[in-house]
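The following pair of complexes shares a single chain, subunit A, combined with subunit B in the former and subunit C in the latter.
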Partner chain A sequence: MQAQLIRRRARRRLGFGLIALAMSLGAGSPSFAYTAYVTNERDNTVSVVDLGKMQTVKTIQVGQRPRGIVISPDGKFLYICAGDDDIVQIVDTTTQEVVGDLPSGPDPELLALNKTGDLLYLSNENDALVTIIDVKERKALAQIPVGVEPEGMGVSPDGRIVVNTSETTNMAHFIDTEKHEVVANVLVDSRPRYAEWKSDGSEVWVSAEVGGTVSVIDPVKHVVIGKITFSVPGLRSEAIQPVGIRFTKDGKLGFVALGPANRIAVVDAQTHQVEKYLLVGQRVWQLAFTPDQKYLISTNGVSNDISIIDVSDLKVVKSVQVGSFPWGVAVSPE
Partner chain B sequence: MRKNFTRAACAKALAITALVAALLFCTAVAPATAAARRDPDWPCQQIKVPTISAAAVWSGPTLEGLKPWREDQEVSDLVERLAARRTSLEDAQKLIDAFSNKPEADKRARLTLVFAGVFEELNKQREEVIGGLARVAHRQEQSADQIRAENHDFLELRDKAGSDPNKLKELSDKLDWDTRIFEDRNRSISFACEVPVLIEQRVFAIGRMIEAKLD
Partner chain C sequence: MTSPCRFLPRARGLALAICFVLALTGANPARAADPTEIRIGYLHLLESKQQPISLLDEPNEDDGIAGAALAIEDNNGTGRFTNQHFSIEDLRLKPTEDAASAAKSLTDKGIMLIIVDLPAPMVLAAADAVRSASATLFDVGAYDDSLREENCRANVIHIAPTRSMLADALAQYLSWKRWQRWLLVTGSHPQDALFADALKRAAKRFGGTIVEERIYKDTGGARRTDTGIVQTQRQIPVFTQNAPAYDVLVAADESNVFAGYLPYRTWDARPVAGSAGLVPTSWDPAHDSWGAVQMQNRFIKLAHRRMKAIDMQAWTAARMIGEGATRTQSADATKIIAFIKSPGFEVAAFKGQKLTLRDWNLQLRQPILLSDGRNVVSVSPQEGYLHQTSELDTLGYDRPETKCKLN
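For the complex of A and B:
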């Protein structure tokens, strides 16, 4: 009788143990399915990184000098700027092969998709143009003249405005996506590289690589309402070159890649104060979250790796070797 | 016969002239940045960074005011092995693991000392490479001047009535040889230009391994 009781207790304990184990696995599992795609500028490849195993599992050969990369909302296709081939290539994520291209105009560098994934906005650096592409029809809908050497592209959460930055004119151009025209220009610091909207549409942050700052822009009044500066003891100010930006969905934290400072700045997105600097890899360029925002991925151009950062701990949990000169990164939606 | 040789030699000389111009453009001018154009000591496309700053590769405890790392024999031995580029990064990781797995009270301080040593040694190696590149850059400029002069002499002799075909051949061969050396050296320079970056990558990678052991 007593032996039976002990066995039953043991079984119950084992049962609880299994449930706890399953729960702990389940808690971590969302990120386990994700895949990161990293463009390698010098190799002409895209590295496929399994974020569960945290290792590169495949390398896809693409066009010359791949930089900007986005993934369709359903995760089926990657769109990659192959700048030296003057095309945007389409990669099927199932077969992991190039399946076509889009008429991008010359020297495409960075691109952005609208939320529904049917319109692609990209900057043509040499022609001072922003091209709008209908993804399904694979044709250019419009070309909008902007400042000299356009680069960063950011679509507003409601899709009505695209912000483009021009490196030489030092401006953020606000483009109406229905009228296909520039509705406002905002002067920012030298060589603006990237534009990112907060998820509630209340602010646009624009990084200035040479100026070493991030301008916080009110997208309604079209004025700079704050400027974020960076300082790392022992580093020359010119080594701090802000590029990629990402926000957490709750709008509380902003992450700014600082190029050759080899760090990501963690910024309180409400007070615009830098909270912390994370040493990640060499020449940190672009950033992407996993969809659950458990991890942030950075591309590190000189150390030829990506860093996987635990967002809640603000710590680098793993560096994964990819190809030569990793530049852009996109993460699968599931 | 002589006419044929002269025509061939002439074509060769013109090709060489174009080649030298192109090579010089590649080595001295095309490095593309304004900084490279201003700096006769730097024959590389890569941006010249004379020394690596510790803050760019290390976010652990300060390296200022540490005791000399060479005074700690075990640290010194480890630094020597980690700084040697023949030690693979996999082996470097094993060496750091073994060092940090030993129980001791001041592990954090000694690991910092190891990085200070690696940083100093690799920065020194890197500065030597940069110095070497400057010397090669100057030598290449001298070679280019010499090839231009040889080319000029060759063309002058070729255009002169009744010039000695043997002498013309001798000049042509010399031009050929010197151009070949110039080209070979240019290829070596482009490989050597990668070395400072490789060293910087190594400092960063080792720093990251050591920092991971500090917690």
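For the complex of A and C:
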């Protein structure tokens, strides 16, 4: 804790030259000192949350209606969809300022980065296109026509396939990342919003917000092999609206954010059975792990906070207030 | 048959590449063949010449059908991947023309799925005329409860909400506001009385009291007069004078004769709701929640105007047909309708939850927006109105009350 404080003061007072020294001081701090970056849809800001202190330590002004957010593998840059400004903004995590933007095409909402961090995939909802961006060159490499209102983006672990979901067409489109073409289309339930691959590449899960289900897709055969349904006693079925999905690295557990059901479903990723529902804040959108997977973070749109979940205990340990209408979340790699 | 690539997006340069991609991909072996055609009939009236009170409410020639056209585009977006193609057969009638023979002319061409934007008697005539042909109508323009109750038909699916659904949606909100004493002002036309009946029922259901009902008689006359505003300013206060104590003036004026003149002109300083002021509706050009902005943008791009309730109702009808065709992988109207009527059917329509069909009268369940003409003020059902099946069934006639017998 102390070390972090020193680190921040050092940055502020002594400038860039001394950061290396400060970082070496920081190395002695507890391993749990990650930073979470949360986009606040209504505020046009990103909240910087110190996960050691479990509190918001800074607010960065960004473009209008920020939603999708990813962080580069080295943790140096954030890429943020500022949908109403029709751009993806680049935020330098050291200076915590917007340093540039990427040619996203209109109304970007969600994006995904490949493992090496050089290619960005994003959906343009208004134009039914997926845009591939060369991050270093800051230019669009290709645009691929998909279904109506594309949204979710999931890159396969080997980077060869990107799965895009289209909300009105109700499909998961499998896109070959080298050939830039759609190779398969899989019909899922209404308003699919998010696609997530298991780390071994064996399954893709696609959440259908209006349908209230998660389709488990075999990415080789391109067929739905299972459908996860949710039911919370006392809650009307229409309120169960799955959005964000995350898997543990060992592939044993899946976590599904259930929107206005205010819960995260914990799913046995092998049997596809729901094990538990965790009560979080209101209107839960997206999820992100800390890199050590000790904690899972959820953005709770209506209650203006994030919930921090202890993954081994499967318990919500803390709520942290952020900005207005938190939507997306990314966590620093270290 | 046309190429499956003809409906591809604006980017012409890309189109060729995409066709090439489609041709190459082996994921759908049927793709090599021509797409299966699904034709949807659209039966509606010639544009009304009646002038609305506000210029902003003037009818457009493509009211309704523009929404269906957008849904066709959306369906074809999906059809690109499923090798289906959708199109509309547009048929316009004069109010005096025979809806039965018009509907028959469509079924004679093999069109068994027909969207109808017609008044209730014409809907019934059309439905009965095409029943033997096993055609199904999608009612997007008639709000009459009678069509879903005593006059319900097994071959009519209702997308338009009923007057009772609209009235209940408003009453739930007024009750939440504790504006429980209503001054009801009803127009002198039959449809005004029907809406007033729905409002009276809603008041009873949700704790409102109608302190007095006044009838506003339609004495005719032009809407556009150079200095009409001077008289209106004097007439409305007098008309609303000497009312018992009330919280809100509720107007039943489907004929658009007077309600538009009420706000800011009542004798007592009271809000107006119903046919003016706070209006219950299935869609509003300002609705921007639950992804609706994308819908609004796509509609403006296509129609060069903003999206009205009738456009949304027609969009939803054509999307339901699209869903049926996609999910059943069939162009067969019987299979599509069987799917739409099945318990698993749902459609997403930017209302924050799935819309489903009431199996007892084929009415689409839907949240109702409450609009002040500039913004969406609230969306009903209001929180706290619980129901054992679906909270959407707190709006309108519920299963135990229904007079409908489908056969």
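One rule holds for everything that comes next: the second predicted complex is superposed on the first by the 303 of 334 C-alpha atoms of A that agree within 3 Å, B and C clash if a C-alpha of one lies under 4 Å from a C-alpha of the other, contacts with A are read in each partner's own complex, and residues count from 1 in each chain.
We take it that contacts are C-beta pairs under 8 Å (C-beta built on N, C-alpha and C of every residue); 3 or more make two chains touch, one makes a residue touch a chain.
Just so you know, these numbers come straight off a predicted model, no measurement behind them.
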Clash or fit (per the criteria above) of subunit B with subunit C on subunit A: clash
Which superposed partner A:L279 touches (first subunit B, second subunit C, both, neither): first
First, second, both or neither for A:E181, with subunit B first and subunit C second: second
Touching partner for A:V302 - first (subunit B), second (subunit C), both, neither: first
Partner chain(s) touched by A:V148 [first = subunit B, second = subunit C, both, neither]: second
First, second, both or neither for A:P233, with subunit B first and subunit C second: first
Which superposed partner A:V311 touches (first subunit B, second subunit C, both, neither): neither
Which superposed partner A:N126 touches (first subunit B, second subunit C, both, neither): second
Greater residue coverage of subunit A in the superposed arrangement, subunit B or subunit C: C
Residue range of subunit C overlapping subunit B upon superposition on chain A, of 271-279, 289-297 or 325-333: 271-279
Common interface positions of subunit A, toward subunit B and toward subunit C: 236, 239, 260
Contact set on subunit A toward subunit C in their complex: 107, 125-129, 143, 145, 147-149, 166-171, 173, 181-185, 187, 189-191, 209-212, 222, 236, 238-239, 241, 260
Residue numbers on subunit A that touch subunit B, as the complex places them: 232-236, 239, 260-263, 277, 279, 281-282, 302-304, 319
Residues of subunit B touching subunit A in the complex: 53-59, 197, 200-201, 204-205, 208, 211
Residues of subunit C defined as touching subunit A within the complex: 8-9, 11, 14, 18, 21, 24-25, 27-28, 74, 77-78, 81-82, 291, 294, 297-298, 301, 319, 323, 326-327, 346-348, 352-354, 390-392
